[in-house]
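Sharing a structure below in structure tokens format, with a few things to ask.
For clarity, chains are labelled A, B and C in written order, and residue numbers in each chain start from 1.
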């Protein structure tokens, strides 16, 4: 993605150039180690600020257009909370399908309208590439909050931040991703971020839901090692990060096959008894039954911390892009 | 409901303990005379503050998650206005049915996600007991904004406040509740609050919509007297409070029976001509035709004052629970 | 519309009487030259304030109820942004059809409820006259954001402001309105505003979509001249303002007729090559294909500036009505 300086806050001329100011956030591919370190550090500061004071007025007078073409309570609420805790304001735009879009308006026109009102646009859209399209037409910064089976970079960043928060550093960790690795947008994006660090990957899935070749190619090209496995029980004692995703019935044409594999990927107290004492269990949520409620109070269960960390990461990104971090 | 201190504003360590700080508001059963007096007093202060200054910045930096599983413009707008007039911010979450809930997320997971972002959660849900469930899982305070045919404690409090505001005090009043007393959540909750005061009850309804035994038992147990009647015209001259609810056609299997009774419960100028000069007519709204528009400008019509009082009561509760009242 | 002073901010007793304070904004018919000049000037100040500082805290502590009975992302977001940039807050009420309205609540009751919480109400409603009804019942100011095929006064004002901004002044201009002039609410309202200025009108449409007689009567009565035409190519070289609206297929019973005329009203680079160098192309948006994307970067394309100007005009109106302009 080319680096263009968008028309952001003219008052912030003397900001420090952190590489984010005036930029769009569309893909995990934009992040190298320097940028990751920067954002993780700012997220850490945001955490301190929220815990001590509830928030900080960095973005007073700024407006975020929160444009959701498909519902996602979790992600839209997280961006909203992030903006509000920075002293900014939010225009929530949900159910766009019922609105001018049904009258046939194009995404570029919608985006150009909203940037007339707002200082930054967050977009969630079911089609791959839609966030990049929005960014191309917008003069104001655009943040991708998920474009179909494409990317969801802020999710990958919050996942990374949760690993650092939980285990101190990323280098040297054994990271197992478990469940539906074929269609799971989050595991693809997180893998692409993690190749910036010296980690080992273990990909655990039913055969028909293996990690796609293009993601494995990224791992290979970066010189990282990975194993593949079909059973989470084999490797549970070795892993530092267990990243769980749901194995959905709908993915299987042969339901007998589904019934055979489904329980192999459930995380329950029995499985956790065999896990390291210092490790974390992650999940992008929502979960159904792939993680038992019985482990929610296990200190290794990190999935609710992921939610809170999502707010810190988004605060960091909003502040950085608007030149106030 | 057990008294647990939730993780609220760490800065408010030296708040006055009013018995609300860090608590959930789930049921009218939580309120004794001391607590009622406290909240009615704070609501009175909120009224003065709003009338003079529009609001007061007690909750600056605080965020309310306004979680509505079923639509209710009136109640959601009232909580929103209350939070905004206290200087706080709101994340509105409507149409939850279209969102992650359809992907099967449980209420506890939704609540634990939202408390990652917000400082307090207001919940409206069609199922009895859902607010209590939410409160059990949440570390942050939860306020019940109506759980099906269960409770709607803030409605009962605003009703009580409207009585005090309109008639000076509650003791000694004759309170008539009229209409559908069987299914009317509001009359059940208000009755349970009013037994804290020396009042007389008159329950006026069609035979098939009489006040349920469990509510009458509460009245009996508290040593209060009540009458039951089928016609509002019989007792109109005696009552200080006429609390009207709608008699819905759908409740009747025999429509002839409905046609026979429906007009007996309509409040119109003719009925009001026979009412005391100093009394109030209340209704939780929305109304259809059970109160004639012709009496809207009668100073005894208190139903729009109820709306405004709802905002003051909710301001009082939000401030008290967050330790700022 | 009678001039009634509504119960607005009691603190603003010593405001300057600009003729807007405490008033409803329902129809373009309320605006004479003095009022137009005033609002255009305030909008200009708002533009400067937003460009320099992002906004100004004129309406801190004020709450706008943004009541939309039909979806309109553009208009609702614009009012929201306007209120937020003035330091106020917004209660967005969308999807009202799913709410208490379905339980049968009347518009007057909804409005009286919302004014219990808010300081000003913006209403969009599919029925002609609904905004006037709302204003009649509300003690607080009401702004019409479109009532069906009735009026949309803030759109007409932003159109007028865009003309002044683009061409310096309105007097002496040749204004062509093109497309569906029969059903186009925006061209009706704009025409009624423009008769306050010495302009010439050209109405260009298919025969079945000509400007209605009642609008032409207003033009006549005001002593203005107008031409009618069926082809935009005939007059493009002469016009200062080309106001384009969509010719919808659904308006035609004879589709052969539609196919014959549809391309005659498309604005593309070829047409623009024959237009004056100093003129502007306007459109209320959303567009489908009546304006080619190829002219979006033409400096004469003013339709995205219209969006931004809509925010300035609404800021001006909100501030003026609440006595803070």
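A few remarks follow.
Operating definition for what follows: a contact is a pair of C-beta atoms (placed from the backbone, for glycine too) under 8 Å apart; a residue touches a chain by one contact, two chains touch by 3 or more.
Quantities reported herein were computed from a predicted structural model and do not represent experimental measurements.
Annotation: the chain A:chain C pair of sequence copies touches via predominantly different residues, less than half of the used numbers being shared. One copy, chain B, sits rotated relative to the other, chain C; on C-alpha atoms the angle is 120 degrees to the nearest 5. For this pair, chain A with chain C, the centres built from the Cα atoms lie 40 Å apart.
Residue positions 92, 95 of chain B each touch two or more of the other chains. The touching residues of chain B, counted against chain A in their complex, run 9-11, 61-63, 65, 89, 91-93, 95-96, 98-100, 103-105, 108-110, 112-114, 116-119. The touching residues of chain B, when paired with chain C in their complex, are 51-55, 71-74, 77-78, 80-81, 84-85, 92, 94-95, 285-288, 293, 304, 307-308, 310-311.
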